[in-house]
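Two complexes are shown next, each including subunit A; its partner changes from subunit B in the first to subunit C in the second.
Right after this comes the complex of A and B.
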C-alpha cells in the first residue's frame, strides 16, 4: 500500500525520509505523478511538502535569491527582481512546459529530478547557485556544479532533501539568457538549451561569463566556454549609450566553439546527435548576444563594419 | 474571417453546446452500470510471432477476476481475425487476451499472470521491402499466401490492395516532353489524437442479446461488425452512441466492442473496457505512411502532357480501411493532363494497422502532387499560381477516369487564397520581412475531395407542443453537422426557428439507419434525408390543413409554427392543433426521408483494382500560408494560414469555420510536428510528450474564406466540408519553405532537424 505523508516541518519531513526508506519527496508532482501513472516508478510512499509553512516562499535580498522547496517556476518567473538580477533563471523558468506545469512544478523538483534537459539546471549552473541539503544529521551546502551525477542521479543521500537553493547576487552589470531549441514553442523538452550569465564592469569589460548547456550530456553541463569572454571588452559606454566594439562577434563564436567541444550529445527520439551538435553554437551565440544586450540596457550604437 | 455569404438561417445555440461547455454532456466514459466490471486487454509485445500456447489459468484465479477471454471464446476465430489473435500476432499491439475484474487495477494485475509462448517469425517493417517477392508474409491464411496475379503479379502477397488508373498514351507523352520533372515524396504515420480513447461498455441480456455503449462514429457499423464476429443476428446487438469525445476517422468500426461483449457474456455482468493512451496509439488505425514516385512530362508553354504516379502506402498489420483507392484518383491533381498512369499499392507490414484518418489518402496524395506542381512550375520558369491556373479544371473537363466535372471551383479557390496571402508578383524574389537568418516565404496548394457516400434515413415528427423532432442515429462528432445542420434544414422547410427543432438521437434498435459520420457526408446525405423527411411532413401538414380550412394545399405556407393561407394569413392552423388532430384522427404527422441520388458516371476501362472511379459532387479548395524559416535551426514558424474552400452552400458557417480551422491545424501537426516513430517493430513514442501535437502557441489564426458554388445534387447545393481542410496544408507549407529557402523538402514532417539538414546539404553542394 502506497504511503502518503504530510509533515508539518522540514525536520519532520527528513524524519520520515530517514524512518521510511524508499519514500520520496513530493513537490509539484509534475515529474512524479506521470511516472507513477505510467508504472515507471516503485516507491514506498510520498512525502508531501504542502503542509510546511513558508515552504514556497521566495526571498530576494542583498545577499541574493533564496528558492525554497515549493517555489514554482511561475513564482520565480513572475518576480520582477529575478528578471532584473538573474535573467538566465527567469528565462529558464519561463520556458518550462506550459502555464499549468509552471504553476505546479518547482525549481527544486526540476534539479532533483536531474534530467539532462532540466531547463533551470543550466541557468542555476551559470549563476553559481548553492544547493542546501538537509537530513537528520544536519545541513550541508553543495555547489550546484557538484550536484549532478548522471541522468536522474544527484549527490543527495538517502534521507536527505533539498531545503533551499541559494543564488548569489550579481557581480556587476549583469545580463543573462536562456535559449531553448525545441520544435514547439511550449510544452517541449529542450533539444539543446543554452544558459548564459555574464557580468560587465562600468566600462564594458567582461568580469565574468558562464555558459551551461541542457540536453547535450548525461548531466546539465557547465562548460568552460565563458573563459573566451572573460576579460574582453564587449561594449563601450558613451554618456548613457553603449557602443558595440568590433571583435565581439568572433569572441562569441569562439565561446560557442568551446561549448560545442565540451558537449557529448546523443541521438534519441527528439533529435540526432548531429543536429544537437550543430545547434549548440547557435544557441550559445544567441544566448551570449541576448545576455550582452540585457547587461547594457539603453541605446546601442553599432558603427558600420562592426559585425553584430 | 468569413466571407459574406447569405445566411441560410439564424445563428442559435445548438442543443448540445451548453451541456458540452459545462461538462454535463454524457460520453461513453461516463457510462456506469450497476455491478459493472473493468477490463484490460493483453497485447503482444512482439511484432510477428506464432502463438504456441496461451495459459490463462492463473489469471482466472487472480483476485477480483470474473472472466478471461482469448480467441478460443470466439465462435469462429477466422471471423475474429484482428479482434483476438488465435494463432499468430502481426504487430506489437495485437490483442491476445482480455480480463474483466472488479477493478481496473485487478484486471491489469491479472494480465501479468497470463502466459503466452511465442515463436518469433521474421518481420518486415518497410513497405517496399514487404512488396518484394520472398518478403516475410504478414497475413496468415492460405488465401493471404496465394501468389498475386494480374497487376501485382511477381510481387509479394503482402500487397493487399492495388489501385490503378490509365488514361491515354503515357509513353508518347514523355517522349514528346520538353521538360521532365521526376521526384519522390514521403509522408509519415500520424494519429488522430482525439481526447477520448476507445471505450465500450457492454451488457449481455439473454432475452435481447448484447447491449453496447461505445465511443464510435457509427452505431450501425459497430452493430454489423459485432454481429459478424459473434455470430449473432444484428437485431440482437443493440448499440448506443453517446457523444464521442473526438474521432477524426479513428472510430469507424469495431475494435473493443466484440471483446467487451465476450467478457460481459462470460461474466454475466456489465463490463467496461477502455484503452490507455499508449494502447490508443497502437490500435487507433492512424494515417498510412506513403511513398510517392511522381513524374511529369511538360511542354515549355506549361501544358502537362503526361503524369505518372507510383504510390505505395504502408497499411500495417491488417488491410483495414484502404486509402489507396482515393489517393490514386487524387494523385495527379485537379488538372487537365494529356495522359495519366497511376499505380497504387497498399502493403502489409508488421506495424499498427492504418485506416481512416480525416481525409484518408488526401494529405499523402496532395503533398506529393501539389509539391510537385510547384517544382514543375519552377522547372518551367513559371509562377506556381499561374501554372496551376493554366491547367486547373473548369466545368466540363474530364477527370483521368473520364468523369465529367461539374461545379468546379479550383480557380476561384486558388485565386481567393493567393490574393488573401498577398501572392507576390515575383515568387522568386526574397519575401518581404526576411532579415538576417530568418527568411520568409509564401506557398499555395489546391485540392479536391468527394462528398457523401452511403445511406441515410431520417424521420421528422411533429410533437404535441408544436415543435418538431428529428430522429436520427447520425453521430455528432462535434462539427455540428447533426445538432446544427439538421435542425437548420428542417426549420427551413417548415419555416421554424431552429431552436424549435430538437434532435432525438437514437440507438440501433430505435433510430433510423445511418451508415456513419465520416466521408464529409453528414450535412450532404443525412441533411438530404432530413430535408426529404421535412418535405414529407410539410406535405402532410398542408394536406391536413387544406382539408380543415377548406382550401387548396397549393396556397398554403408555413410561419409562426402554423400553416396559413397565403392570400388570407388570418386563416391558419397551429402546429399544436395539427398534432392533436392528426395523432387522434387522421394519422401520425411523421415524415420519412432517405437521400438517394444517381452516382456520377466514368469510364470503367480506365480503372484497375480498387481505384476510385468517380468522386461524387466534389468540393474544391486551396490553402495559402506564409512561413518564416530560421536558417540556423531549421525551425519553420507559420505566420499566416489561409483556407479558401468551396462548401457549395454554407448551412452552418460557424461550424464550417470550425471544421476549416480544426482540419488545417490537424494538418499543420502532420506538416511540422507529428510522427509515430517505429524502431524495430516497436512504437517508441505512444504518448503526448514525444508525439508532438502543435500547441496553441505554434499555430496562427486560420483565415477561412467560404465560397459557395452549389453542388449538383446536395440539399441546397451543399458539398462536403470536414475532410478537405486536411489535404493541401502539407504541400502549401513545403512550398512556402521552398520559396523562403530555395530548398525542397520531400518528406513530412518538416521538423527543424529535417529542414536544417536539407539546408546544410544544399549549402555544401
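Right after this comes the complex of A and C.
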C-alpha cells in the first residue's frame, strides 16, 4: 500500500525520508506520476511538498536567484528578473513541455530526475548554480557540475533532498540562451540542447562564457567550449550601439567545434548519433549568437567584410 | 491508506476519500461523475484532461488527487451557466472548431485560462497556450480562430480591472476579467 506523507517543513520531510526508506520526494509529479502509473516504478511512499509554507517561492536579490523545491518552470519563466539576469534559464524553463506541464513540473524535479535531456540542467550548468542538499545530518552545497552521475543518477544520498538551487548573480553585461533542437516545438524533449551564458565588460570583451549541452552524453554536459570565447573582444560600444568585431564568426565556430568534441552522443529512438553530432555545432552557434545579442542590447553595426 | 480530501469543483465543495495512487482525473470522472474531462493518454502528453487548478491549466492525469486537497478546480462542466454557454463554447460552435470533440473540453479549459490572464492574445500566444492540447481532427486552424473570436467578443462586452498578484511567480500583469455578469470568474490565479 503506497504511503502518502505531507510534512509541514523541510526538516520534517527529511525525517520521513530517513525513517521510511524507499520513500521519494513528490514535487510536481510530472515524471513520477506517469512512471508509477505505467508500472515503471515501485516506491514505498511519496513525501509531498505541498504542506511546506513558502516551498514554491522564488527569491531574487543581490546574492542571486534562489529556486525552491516547488518552484515551477512556469514560475521561473514568468519572472521578469530571471529573463533579464539569467536568460539561459528562462529560455530553458519556457521550452519545457507545455503550459500544463510547466504549471506542475519543477526545476528541482527536473535536475533530480537527472535525464540527460533535462532542459534546465544545462542552463544551470552554464550559470554555476549550487544545489543545496538537506538531510537529518545537515545541509551541504553541491556545485551543479558535480551533481549528475549518470542517466537518472545523482550524488544525492538516501535520506537527502534538495532544499534549494542557488544561482549566483551575473558577472557583467550578461547574455544567455537555450536552443533546443527537437522535431516538435512544444511537448518534445531535446534531440540536442545547447545552453550558453556569457558576460562582457562594458568594452565588449568577454569576461566569461560557458557552454553546456543536453541529450548528447550520459549526463547534462558542461563543456570547456567557452574557453574559445573568454578574453575575446566580441563587440565595440559606440554611443548606444555595438559594432560587431571581425572574427566573431570564427570564434563561435571554434567554440562549436570544441563543444562537439566534448560530446559522446548515442543513437536512440529520437535521433542517430550522427545526426546529433551534426546538430551540436548548429545549436551551439545559434545559442552563442543569441546570447551575444542579449548581452549587447540595442543596434548592431556590422562593417563590410565582417561575417555575422 | 485512504485519505479524505476536500475539493472545490466548479464552485461546489466535495469531500472524497481517495487512495494516494489515484489521479485527479480519475476522481473527477469516476467519483464525481464529471466525465466532461477526457482521458486520452494518461501520461501527460495529449492535454485532453486539462482542468484549471487554482486558475492554472494542468493535466489532471499528472496530478495525484491528494495533492489537490483544498484546491479549486474548474472543469468544462463549469463553463456554461443558467444564462447559457460560455463565449468560448459559442465561438467553438460558430467556427466548427470541434469534429469528434474529444479534445474540446481540454482546448476550452486551456483557452479559458489564456483569456482569464490575457484578454487580447496574439495568434502566437494562442498557439503557445494550446500547444499542449493535441487534436487529431481539426488541423487547429478553426480552434485558433474560435479563441481569437471569443477574445474579441469578450473584449466588446467586458470591463477589465487590474487585480493584485496573488502568488509568487504569477505573471505580474495578470488580470481578472470582470465579465458582463458582473462577477469575477474563478481561477484568477489566486491560491485558495
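Everything that follows uses one rule, which is that the second predicted complex is superposed on the first by the 308 of 308 C-alpha atoms of A that agree within 3 Å, B and C clash if a C-alpha of one lies under 4 Å from a C-alpha of the other, contacts with A are read in each partner's own complex, and residues count from 1 in each chain.
Definition applied: a residue touches a chain if its C-beta (ideal position, glycine included) is under 8 Å from a C-beta of that chain, and two chains touch if they have at least 3 such contacts.
Computed from a predicted structure; not experimentally measured.
Asker: Figure out whether A:187 sits in contact with subunit B (first) or subunit C (second), or with both, or with neither.
Answerer: both
Asker: Under the stated touch criterion, which partner chain does A:270 make contact with: subunit B (first), subunit C (second), both, or neither?
Answerer: In the superposition, A:270 contacts subunit B only.
Asker: Name the contact category of A:29: first (subunit B only), second (subunit C only), both, or neither.
Answerer: Only subunit C is touched by A:29; subunit B is not.
Asker: So, does A:1 touch the first partner subunit B, the second partner subunit C, both, or neither?
Answerer: Only subunit C; A:1 stays clear of subunit B.
Asker: Please work out whether A:76 is in contact with subunit B alone, subunit C alone, both, or neither, and reply first, second, both or neither.
Answerer: second
Asker: Contact-wise, after the overlay, does A:293 reach subunit B, subunit C, both or neither (first, second, both, neither)?
Answerer: neither
Asker: Tell me which partner touches more residues of subunit A in the superposed arrangement, subunit B or subunit C.
Answerer: Of the two chains, more subunit A residues are contacted by C.
Asker: For A:169, decide between first (touching subunit B), second (touching subunit C), both and neither.
Answerer: neither
Asker: Check whether A:50 is in contact with subunit B, with subunit C, with both or with neither, and answer first, second, both or neither.
Answerer: second
Asker: After lining up the shared chain so the two structures overlap, which partner does A:98 touch, if you call subunit B first and subunit C second: first, second, both or neither?
Answerer: both
Asker: If I apply the document's touch criterion, which positions on subunit A are contacted by subunit B in one structure and by subunit C in the other?
Answerer: Common interface on subunit A, subunit B vs subunit C: 34, 38, 98, 185-187.
Asker: Considering the complex alone, what residue numbers of subunit C touch subunit A?
Answerer: These residues of subunit C touch subunit A: 1, 3, 19-21, 23, 42-45, 47, 50, 53, 56-59, 61-64, 66-67, 69, 110, 113, 128-129, 131-133, 167-172.
Asker: Can you name the residues of subunit A that touch subunit B in the complex?
Answerer: 34, 38, 98, 181, 183-189, 191, 269-272, 274-275, 278-279, 282
Asker: Quick check on the complex: what are the subunit A residues that touch subunit C?
Answerer: 1-4, 6, 26, 28-30, 33-34, 36-38, 46, 48, 50, 56-58, 71-72, 74-76, 78-80, 97-101, 103-104, 185-187
Asker: In the complex formed with subunit A, which residues of subunit B make contact?
Answerer: Touching subunit A: residues 632-633, 635, 672-673, 677, 684-685, 687, 689-690, 692, 694-698, 751-753, 756-757, 760 of subunit B.
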